[in-house]
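Can you keep this structure in mind? I'll have questions shortly.
Residue numbering begins at 1 within each chain, and the chains themselves are lettered A, B, C and D in the order written.
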């Protein structure tokens, strides 16, 4: 026969038993990233048990360096830095996770609707996506939060609403190719409803892209929230890593040599961001095998 | 449905695709009919429109013109529940066994999702039995070895059988098999073709077997349609078409195919020169004129009609025009 | 056809931005007068409240639609209004004195970041497997996840304040004359802010280029070139990098918006008199005319940049024009 | 600090050094006041400068610079309320205090060479009538006419006696009629200002405004410093860095630990002092139950630890205030009889017993219930950019919580906070109050219904909406008289009302730090010679004209 499109099956033995091994557990970067994220989540959850004092109580001698009574010293307002750092973890993680999840949710919704429905729905959603892609998000977030003067929920909402477009675009193009897959065609032929096709056939195959988009959105939300707080546009009465930096900056912590106030929240943001991006980085390698293999020659 | 009535018919179907300014006429007056329990092969090169025929038959496409008739009723433009109901009777077997199974689902899930709703109400035990029976039907045994597997843990042939089982789960009357073996290892092909025939005998399942390979068409089908540039150019019983090809295109196809008697060898002197015509351009005359070794004047101006060229054998060629036989639909 | 389509999309986006821009101030509680009064901490005379309302022309009674119409017609005439912060200086003048600095600083930083990032990305893909090539992408990805205002502040403190190597404010020295001195002074003042932007934004370029290039390097035509025995350096430069650059160029246009926005924090930290800092001031003073104009300028700049890249792209890759 | 850290600062510093080396030997004895040298001033960070020198422009962006170029009729000391005759040499009231006659200084010239005369005063004031948008002191709500009588005399008539009018009138900057005749003063940016002041504009850039000495200034021989630099600054932090390395010589910014960040860099030359003036009040909405009850306000006052507010929120610059609204700097206006009544005490136990006596009981959760049985909850509003208020508010919240009062804090934008306070849509909030040369300027606006408004309408000063006819009577008494004794008696009675009725609760006397360096400049006001308020804000010409280079 004239065509040579014969597929050589790498797993021709049908008696393999175990589920596919999860490559996440065999990637050092992913493990480090996951470990750090787990640690932060742990701190966020058990915060109230390891914070040593009420985080906002302005009751100590201001501006003390680290000591056994105050592991990370006190602020110029007489607050315990360690307690603030611990409690701040919760707010920062919450904003990062929720804003990331909401943004990813919108991205999945728009991307799949666009790719699955096609036609005018796709046209309208694509234009909307492109508009949000082109309008610069940080200035928009700053303006929105300046106008609306939001609490944490508002900030989560605003960050999500300005950051879903990247994800939506890549999910749409993947949805477009998935919709043409034979198993999706079959599912339609077998009489499955649209939601069955989307949730049963399409969405599970986008999982890695969705997770990667989620990680990106979380990093973005983390940094945006910190930036807003630093500008004093966030909820400055809530204790978060960003507001800690705002107050530290406001009291000229660096110039006054109070590094213990300024450095820890920045390191915490950087470490959590690094953990997320390490995980994302290794996810890239796992899902794109070409990045994993070493050079042939 | 009377026994003589065809299961499904395509009558003068046109299908055109638009992409920007490009208008491609993929099907032009396509005629086809399949009787209950019949295996019909549709043979043609890539680009001849055979996959479009398949997708129109399951109403993934609506015909622009002409009719699609199922069990005596016009289903060309039905929608919603009616369409869903219609599709239950027709299933597809895809070419690529790697792309046709959802990589995130186990065989069990894949099959369960394909079963019609009523089968799920019959209780857990009956359902399990149904799963096993379906796998047994496609010769995947013991079924327990396969139910919890993911597609990437199966071989190509096994995957294609799972896809087969998934299609059977709906209990269709017609299976459209679009090049189901072309991506399989040669050694596995015969097995799948035999399976198709078995199910035809045991369940009266009708097939439209789409292929570019005349030899396998003859092996499974009782009737062969040869397609070129969006229309049927020759049709007839499998033996007649392969042994006594009338249309110059069919003759070339037969000559180019490896001789089943002398395995692996073929007549190297015969090749089909040139390429199929560009369907986005208006074609005047016979679409095969550009490659036909026997081309003569009328071919350049008039598209020939289908004429009877033998017992139950029709061809669309000016060579037979003089006899002025009754024009019939393929 | 492709370009007409893109152009009409940009017009639509522009309109959306203008409209958003118009309606935002109406969502906000409080007024500019309140902000000015509050900032003066009671040092203003008893008639100030009324006087300021008159000066700023607030409390005008028109329907929202009328105001929208007036806003559009003013925009069409290039009238951006008068800044409340710098009253009575026209907004256009504030922008004229800040925008060039931002374009210079961001332009410089973006180009450096783009070039160096992509070169490092090529290196990481070409020499992958080597320790440095494996560590670099990770290091810069981690850098990109750091809050850059924090990095900027630490730079300012260490390289500006403690060591005294670089200036801590402004974009040019006082009474610097002569073109060379001016140029030198401007570059000197731009060093720290630009460096901050570069090191925190380079990772994205680098990883993107590396991933693209690794994919391209395993394409058939590259393998073919390898089999033909072409030197590796030539393959990377002539075949692979060129193809991997296309997505990077789209990314470049898309990133402009982010960089202009990101520069805002850098400008604030380094007291750099650019448009980002002006936006911050407008926001804190509830100076809507200035805020609206800056947002519009940023959007316009991003749209123009995107359109230029579309032009370039349709030249580089003939496929897109048939899209 | 390092010498070559910035070209910007290096240039003026180097030229000063160069001049010094030329003029005298290395060990030259300090020289007295002489012309020469320069100073860099950052009063407070305003961001890049705009090319606007219109002295009537609203906002505060260029206030500090405009005051060096344009001059008022009288200079008032913001801290003590003392004044110096400036463009007006003297003044007198007549016609039962309804006509004010101003006698102008002779021989004052604008920098374009034109003589400053009564025509300019009349023009400037008439312009304010024509353009109410620039009449920020509402002068024309009193004035009925302004007339010149000869080149150096101006007669101003007001509709009823008002003893505070002089203060508001004489703070107005005088502009030359000839140049402003055809200008709309609301929209005129005045890029090339011409005034009578000690300095004139040399060059403008958004990053630096440079002023040069006015050689024909009416104070002969002054000013001494040849050049004044006003580099723009965007944050307190950058100003402190500039102060610490000596590139900025004078500033009035707030920073929590100046001893550490500035003075310690060179204690022999780096100095700080404070300007007093203004108050931080805890406003309570007198239209809300139970804040309208005197015992409640008394208890709230007693529950507040003002010392803690001072130390933690204001780094100790601002000091605990009395309850009668009389600042320590203006203590000459208070009488000893008031001292006990007006002293603020921190006594939470007392606060609790006052509330208990007034019928407030602890509820099941340990928090207070009002006599009507409802939970006693107060909302505190504050503005996010005023970080000291945010900190104070949060402290007050925990102090009130300690005596059983539940609080919610709303942190909002400056403008929203300001609007909420002015409109009376607040329960409690920390805010400033008016101030002036004596306590009357504070007490009267705070308590007089003239400065109040209906709820929902913006009130200029009396935002707690206190109403007491006695205050109105006292104000009329004050306005009708020019006698210091009468004024003292009115102030004493008003202070008495304030301390006993507590319409608002005094928290701190607002003091703001000033920073200056005597390394290259002499002539500063000192503790032993406090000749004037040392603030670099708002036209510091009284001090600026005294400063001179050390070498």
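Methods note: contacts are C-beta pairs under 8 Å (C-beta built on N, C-alpha and C of every residue); 3 or more make two chains touch, one makes a residue touch a chain.
Only a predicted model underlies this, so the values are computations on that prediction, with no experimental measurement involved.
Peer 1: What's the fewest number of moves from chain B to chain C, given that each move must go to a chain touching the current one?
Peer 2: Minimum number of steps from chain B to chain C: 2.
Peer 1: Can you compute the centre-to-centre distance for chain A and chain B, using the mean CA position of each chain? Integer Å is fine.
Peer 2: 48
Peer 1: Could you please state the distance in Å, as a whole number, between where the Cα atoms of chain C are centred and where those of chain D are centred?
Peer 2: 39
Peer 1: Averaging over Cα atoms per chain, report the distance between chain A and chain C in Å.
Peer 2: So the centre of chain A lies 23 Å away from the centre of chain C.
Peer 1: On chain A, where are the residues touching two or more other chains?
Peer 2: Residues 146, 149, 232-233, 249, 254-255 of chain A each touch two or more of the other chains.
Peer 1: Multi-chain contacts only, two chains or more: what residues does chain C have there?
Peer 2: 28-29, 161, 268, 284, 286
Peer 1: So, with touch as defined above, which chain pairs make the list?
Peer 2: Result for touching pairs of chains: A-B, A-C, A-D, C-D.
Peer 1: Along chain D, where are the residues that touch chain A in the complex?
Peer 2: 236-237, 240-241, 244, 255-257, 260-261, 308, 311-313, 315, 384-385, 387, 390-391, 394-395, 398, 409, 411-413, 416
Peer 1: In their shared complex, at which residues does chain A touch chain B?
Peer 2: 1, 3, 5-9, 11-12, 14-16, 19-20, 181-183, 185-192, 196, 200-201, 204-205, 207
Peer 1: Under the stated contact criterion, what part of chain B meets chain A in this complex?
Peer 2: Of all residues in chain B, those touching chain A are 58, 60, 84, 87-88, 90-92, 94-105, 110, 113-114, 116, 145-146, 149-150, 152-156, 158, 163, 166-167, 170, 182-186, 212-213, 215, 258.
Peer 1: Which residues of chain C touch chain D in their complex?
Peer 2: 28-52, 54-56, 82-89, 93-94, 97-98, 160-161, 163-176, 185, 188, 268, 271, 273, 277-278, 281, 284, 286
Peer 1: Which residues, counting only chain A, touch chain C once they are in their complex?
Peer 2: Residue positions touching the partner: 29, 127, 130-131, 133-140, 142-144, 146-149, 219, 222-223, 226-227, 230-233, 245, 249, 254-255, 262, 266, 269-270, 273-274, 276-278, 280-281, 284, 288, 290-291, 294-295, 297.
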